[in-house]
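Chain IDs A, B, C and D follow the sequence of writing; residue 1 opens each chain.
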Amino acid sequence: MPSIERDFIPVENLTGGDRECDERPTETSRRRFLELMGASLALAGASGCTRQPPEFILPYVEPPEHAIPGRPRYYATAVPAFGGAEGVIVETHLGRPTKVEGNPAHPASLGAASVRSQASVLDLYDPDRAREVTYLGSTRTWDDFLSAFRLRIEPLRPRNGAGFRLLTETVCSPSLGAQIQAVLTAFPEAVWHQYEPAGDHSARAGAQLAFGRPLNCYFRLDHADVILALDSDFLACGRNSTRMARDFATRRRQGNRLDMNRLYAVECTVSATGGKADHRLPVRYSEVESVARELTNALTSKGAPPSSGKNSAWIAAAAQDLLAHRGRSAIIAGEQQSPVVHALAHQMNAALGNVGKTVNYTEPLEVRPEDEIESLRALMRDMDAGGVEVLLIVGGNPVYNAPADLAFAERLRKVKTAVHAGLHFDETSQLCDWHVPASHFFEEWSDTRAFDGTVTILQPMIEPLYETRSILALLDGIRQYPPRSSYEIVRAYWAGQHKGADFEAWWRKSVCDGLVADSAMPPIEPGLTAWQPQAAADQPGGPEVVFRPDPYIHDGSWSNNNWLQELPRPITKLTWDNAVHLSPTTARNLSLKNEDLVRLRCGARSVEGAVWISQGQPDDSVTVHLGFGRTRGGRAANGAGFNAYLLRTSDAMWAGAPLAIDKTGRTYRLATTQPQQEMAGRDLILENTPEGYRRDPDFVSRTQPEPPKDESLYPTWRYAEHAWGMSIDLTACVNCNACVAACQAENNIPVVGKEEVLRHRAMHWIRIDTYYKGDPERPTLYYQPVPCMQCENAPCELVCPVQATNHSSEGLNDMVYNRCVGTRYCSNNCPYKVRRFNFFLFQDWVTESIKMQRNPDVSVRSRGVMEKCTYCVQRIREAEIRATTQDRRIREGEIQTACQQSCPTQAIVFGDINRPDSQVSRLKAEKLNYALLAELNTRPRTTYLAELRNPNPVLKGEGV
Amino acid sequence: MPQFFPRAANSVARLTLLALVCGTCGLACFGYWIVESPYETRQNVAREQPVPFSHAHHAGGLGIDCRYCHTTVETSSFAGIPPTKICMNCHSQMWAVAPVLQPVRDSYRSGKSLEWTRVHDLPDFVYFDHSVHIHQGIGCSTCHGPVDQMPLTREAASLRMEWCLECHRNPAGYVRPRNRVFDMSYVAPKNQEVLGRRLVADYGIQSLTSCSTCHR
Amino acid sequence: MTENPIYGIVAEFADPGLLVAAVAAVHSRGYRKVETYTPYPIHEVEEILEPGPERRLPRLVLAGGILGTLTAWGMQYYIAAIDYPLNIGGRPLNSWPAFIVIMFELTILFASLTAFFGMLGLCGLPLPHHPLFNLRRFALCSKNRFFLCVEAADPLFEVLEVADLLAGLDPLEVSEVYED
Amino acid sequence: MIIEEQQRHAQRRPDPDVTLPVIGPSQTFSIVTEQISSVPLRRKMPLLWQITFGIGLLLVFVLLISATYLFGKGVGIFGIQIPVAWGFAITNFVWWIGIGHAGTLISAFLLLLNQSWRNSINRFAEAMTIFAVACAGMFPLLHLGRPWLFYWILPYPNTMTVQPQFRSPLVWDVFAVSTYATVSVVFWYLGMIPDLAALRDQSTSRLKYAFYGVLCWGWRGGSRHWRLHESASLLLAGLATPLVLSVHTVVSFDFTIAILPGWHSTIFPPYFVAGAIYSGFAMVLVLALPIRAVFGLHNLITERHINNCAKLMLATGLILAYAYLIEPFTAWYGGSQFEIYAFHNRAFGPYAWAFWLVIACNVAIPQLLWIPRIRISPKPLFVISLAVLYGMWLERYMIIITSLHRDYVPSAWFNFTATIWDNAILFGSIGLFITLFALFVRFLPMISMYEVRTLLPFSAPDGRSEK
């Protein structure tokens, strides 16, 4: 057991206090354990003729305090993310972090966890992480580096550090800010640049326009009756989306679902938010600004002036709706929209009296907010001028993701000494003299801020797996030798900040809780400047290209994460690739079809990508996602998709025009997990409006009647003790796929790779079906999470020849992996097609580090075995065991399935349907409750609540 | 080719038939016997250990409670294998130079774990929890046998699924009062069924035979 | 050769008609241990000779079939309802309609095996060695010749008498067959 | 020599019912016995046999290689996925089992009906059954995810105390197919015992004598033997007839018990049985026509046989056509949108090519059999039979793939594409069949001698033919 630094503080008894163990505490033995597990699983069947190989137990020599082998421990920390960190709780088994869950106390999480937070644990175990210091590719030690770096930087000291440059991503960590400040103090002439490829450039510039200075802006959507999103995907992958989705969904289900909020979305690419909107207006990127202008006019002048635009009716109706909800509305500008749109949104929110109610402003989260593009340009100029002698690049990957016109890679050659510190040896490391491997944030101490400024002190859960250091320690090493540890740095920083008496108690509490109490920044009410938008410039016609960070791998910094690569993108369900998204009309005009390889040209720059026709995409607007096409990203990242950064320039960070689209005549296969997105006229998703529901509360039972229980000749089974069930609220699901990621992490679900996804063999136990309905240019979108339904009359069980799937006494549709012989008949007979089969040995039995992530409570399935969701039966069993040993019954809400736990909108509720007072029973008693394909009489335990949408009656016939 | 086969061929033919029938049955029985035999289950086969630790001496002779070493048996699925530190609590004084304990001292000095061979080794797709069994009145010796009389530790039971199910189907036949769980000298009373039924009712013991009770 | 006891006297015929006539003649003389050997079944012979144990075959097969039905039902009921009762898709433990198929199959299987092995057993097979094979021409019995054998086990058996009788029935050849 | 002289000069009496003779003229006991037994005993195999056997053996190697690769890698080497979790393997299984049906039908059903024309084709038709069942039986094993655990599908005492699940049609399949295989082998072997004795009696070498002598168990052809033999044959025929009807019924249960649209249908059992017999007779003809030509068996396998097989093919083909017609009708009349979609999708979806090829091969082309001349012309008949075999394979492919690839929830819809390994095991199994059949022809009497003898004139004591 590698002992972790003295002071990390576990959260005790937060959730699931004790779990099954893996009984071998040291790392070598753990590995062997997993190997043996594999071997014995493979041989299990032949138990008749094969003896089990011997296993070894390696006990501690001296046990760490509190350690109970066999029970997990939980630590609060946070995942630093774009737009504010998310507080999480990490489950560890004997020192191995295995699962990331939301921290219920943290404002950005409230118990849910985003896809990236979930996947961060896999990043920790990424086998492609940089493991040692390298100089020009050959291995060095940390001391080699520190002394060499000193040799480089000492000559600069007499010049006050002139010639020394530091390039970081946007810094929100107070202690990192202090470290950088300390470096800048030591070298006053040194310059610190920040560049975040998919950062808040527009938001900062927009606030500058509207308020004269950068400000942090966040929303309280639980108070908003009417929301207008200006090209913002705030529900699924925008900044702070976990919390925003929660607030949105809470408000949406208010008043017995009859008092719903209303969401208008104006967007230039199809997003999960747009699909959820009650009214969605697809416009080109460049038109969003004019829509915002028209809206501003309509909201600020008394009575909207008659506008002649094609969207005027839509805008007028939205404006009217907003005006009718002054102080209870919110206008959200998308991170990728122009500064003008941001400024207009600020003005509109102010005009509507939303500030301080649904819209809050605070001082910036960034340690030093600045125009990052300008900062990067300045660095480039200085590089050209030869003024950069030592460049320390901390995090980030500018060679890959800096704007193409800045030619970062070429200019980097002009730097005498370039050092890159990061998790991976990437494109930038390759061109730098030194690469120093950084620790993962689960390995070191640090701190960060959430969307409202709330501070979380990040604590390590595991000793660094490799010879890595924290960034804090690295920067400390510039100034002094030996550098302090990250623990000392963070603790010293907060000791300096803490005003009270008992620092030790405060420290322990803050670390243990996962947040520093009352550290949110106070809201301010900024005054607007006199800025007025200039008259709209003539919009260039012809195709435009829109850049978006990928919903999962973001700007590419997560691109070597297998889970994220294979997680289906919210609408398209694409995996492992980005694509050139076109509207059906544009594709028709260019006579392109899906998977045609096209060449996108923007001036002299060009890139090739495969076409994906997206219903609802505006015409002549092409969306491409950033973060793909890596060349030194690792085994998952390399070769996935194309690099859209090659088209992106510093003056057109989010959209570029004109764009030329040339057919190459070649094709490139794209792997989607759901090729069929039409519902084929089937009543899979029931929907209504609150008005319609009020008028006809029984519409669900009429359209999808439940077959009577006594219709069978057979007697009905009774479930005496517990009867587990699940309710999924379609109104709340926003297609963020956090449940899919959580399920993958919890249940040791393997990643199969693009080739196998192409053969439709992806293994996710829960999927979010996404359907289009209506006009392909302006479709309505539907989301439906589909896990195993745990049918009481399970068709799958009936056909299994070996009883490998059968019903537990609690009504679970058990799947006994070790009994399965792999006839796959059960999958054939599953009307919901939720069973997944190990066609090959999909599990990675080879990569050592990946094995450490596995949940020891769940069997690792081998080849030839069917698998599926069992409502996280391991959690149920542990709760039952815990309740039994404490001589009590299981408490309502004690068991949360992984999907439920991670769901930001609480769309998934699990519980005991034998208890009439349980939440799931109450939901199932609602009149919106229906079973998917009820007519088959499978009697699923998982049921849905019909979707309610709240369209504006004024906009009838305008499309949603 | 008149009378090719000798007279004995008649007997040979019939005996061959008989042998085929008996052989097939015999082979099946032999296979089943092998599967049930200690060769397969390693029941009652003592394992080689780095230190010839004797439960008979420590638990039987000295009367050390099970929980002194197996500290987590009441709180965790895993009963716990004592850290070297626990061995050294006594053996830094007693038998402090005994050669047989050299590996223990080496471990303590070097910080490297002792490598014990697992004796009770369930397949990895089986999830067994000690704490709940202990809590519900299943004694140590019910599954582990008279450990206090074992100079070298061995499995007292086959650990086959059928063996687990014997008790899971009929807990009343095996359960004992909670306060006797760690009592190695406990002998099931004559009226076990009566006592068992009462305890099953008192402790709320269910007969759990769903697959996901143990496999998940 | 002559040391060995005699097994019987065999007459060889070229025509099934002659054989039937010969059987009738021998039978009318009171010989009962009489057997014909022919290249294909000749029902007229069977009508003359008394039926042997072959009458038991249909009853054996019926018993085999019933045993199969009961085995199948018993096995399925025991396994599904007694041995390890499990809830399969909400169906009752004794889902007898689902058990019918295997009951039918095992009925057929047991009955068929009974028919096959019963036939061999009642025929007294396997018996690769038999005194008749000592007769070289007996090989033609599976091709185009029809044989009649009066066995020495018959109480009326008398070598000369039988040989005479057979010789008068228009055989191709009459031979004595000895045990060895 | 009297009787054989008579036979040689016998004039065939005109039979008012039958226009074509069931056996050629001037046949005697010796001629048929020697002609048939000369193949296993003496004859050097003709070139065509050697080529066929060579091809078969080659394909068996393909099968072995594929199976090795399959067991090493997993069933992922096939084109199957979720939703189409069954593909070629099950298609092949159903196809081969179906082919087997004609053999049992000829030997058992026609025996019960006293159809003497079966006598000269029943032996190799039964052999065909057994080899087809052997090929079929291979596939459930090959398609398992963990084939090394196949024995878990059988009930046997085990330490887990877990047994098969008898509500699953796959377990029924195991029992049905293994019973069918056992009964077919028993029936075939029982019928062969007298002929093995004949081979024994005509053996020229000690090795052959020993080989056939052991195989025939010491058969002597006594009247009691014959009586028991006939009794057992009739009993077995009586048992095999319902069995053969049940086997494809049970196979169809694999589909009907499932709830998939296009599978869950009460018409399947008769539909499958008819289809099975249909393909079986096609296979009988595909085997009989070349055998007849290569071994010069025109005297024993006459135009009568070929004509009858063709007629049966036509009849079962028409039953099948009726089933094709009634299936979509039931779907439409039942009004379930899923069923209606399934049949619409079959005819006009991504696998429409398969559907229309099935219609062409199984319904359209065989209508040529209405023409009497075609029914007795070997070449057209051979081609039609091949078309039917292909059509019947495709029919199972269509049923399995189209129902699976688009069932209830559209989000899970996905098309099936076969891989090279799918094709390798299909052709490998055909190779196995060819090899086994070629070996059968080489070593065992391919036509029942004792039954053919009864067809000859003067075989009965009163001077007529026995049957």
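In the analysis below, contacts are C-beta pairs under 8 Å (C-beta built on N, C-alpha and C of every residue); 3 or more make two chains touch, one makes a residue touch a chain.
As the structure is a computational prediction, the values presented were derived from the model and not from experiment.
Counted by C-beta pairs in contact, the busier of C-D and A-C is C-D. Distance from chain B peaks, on a Cα-centroid basis, for C. Mean C-alpha position of chain C lies 29 Å from that of chain D.
Centre-to-centre separation between chain A and chain C, using Cα means, comes to 80 Å.
Inter-chain spacing, taken between the CA centroids of chain B and chain D, is 53 Å.
A straight line joining the Cα centres of chain A and chain B is 46 Å long. Among all residues of chain A, those that touch two or more other chains are 47-48, 795, 797-798, 800, 803, 806-809, 819.
Residue positions of chain B touching 2 or more other chains, listed in rising order: 1, 4-5, 10, 13, 35, 165, 209, 211.
For chain C, the set of residues touching two or more other chains reads 84, 86, 88-89, 91, 95, 126-129, 139.
The part of chain A that touches chain B in the complex is made up of residues 18-21, 23, 25-26, 29, 33, 36-37, 40-41, 44, 47-49, 51-52, 54-63, 68-71, 721, 806-810, 812, 814, 816-819, 857-860, 870, 873-874, 876-877, 881, 884-885. Listing the residues of chain C that touch chain A in their complex gives 84, 86-92, 95. Within the complex formed with chain D, the residues of chain C that make contact are 14-17, 19-20, 35-42, 44-46, 49, 51-52, 54, 57-58, 61, 65, 75-76, 79-80, 83-84, 88-89, 91, 95, 98-99, 101-102, 104-106, 108-109, 111-113, 115-116, 118-120, 122-123, 125-130, 132, 139-144. Residues of chain B touching chain C in their complex: 1-10, 13-14, 17, 165, 209, 211. On the chain B side of its complex with chain D, the touching residues are 1, 4-5, 10, 13, 28, 32, 35-36, 158, 160-162, 165.
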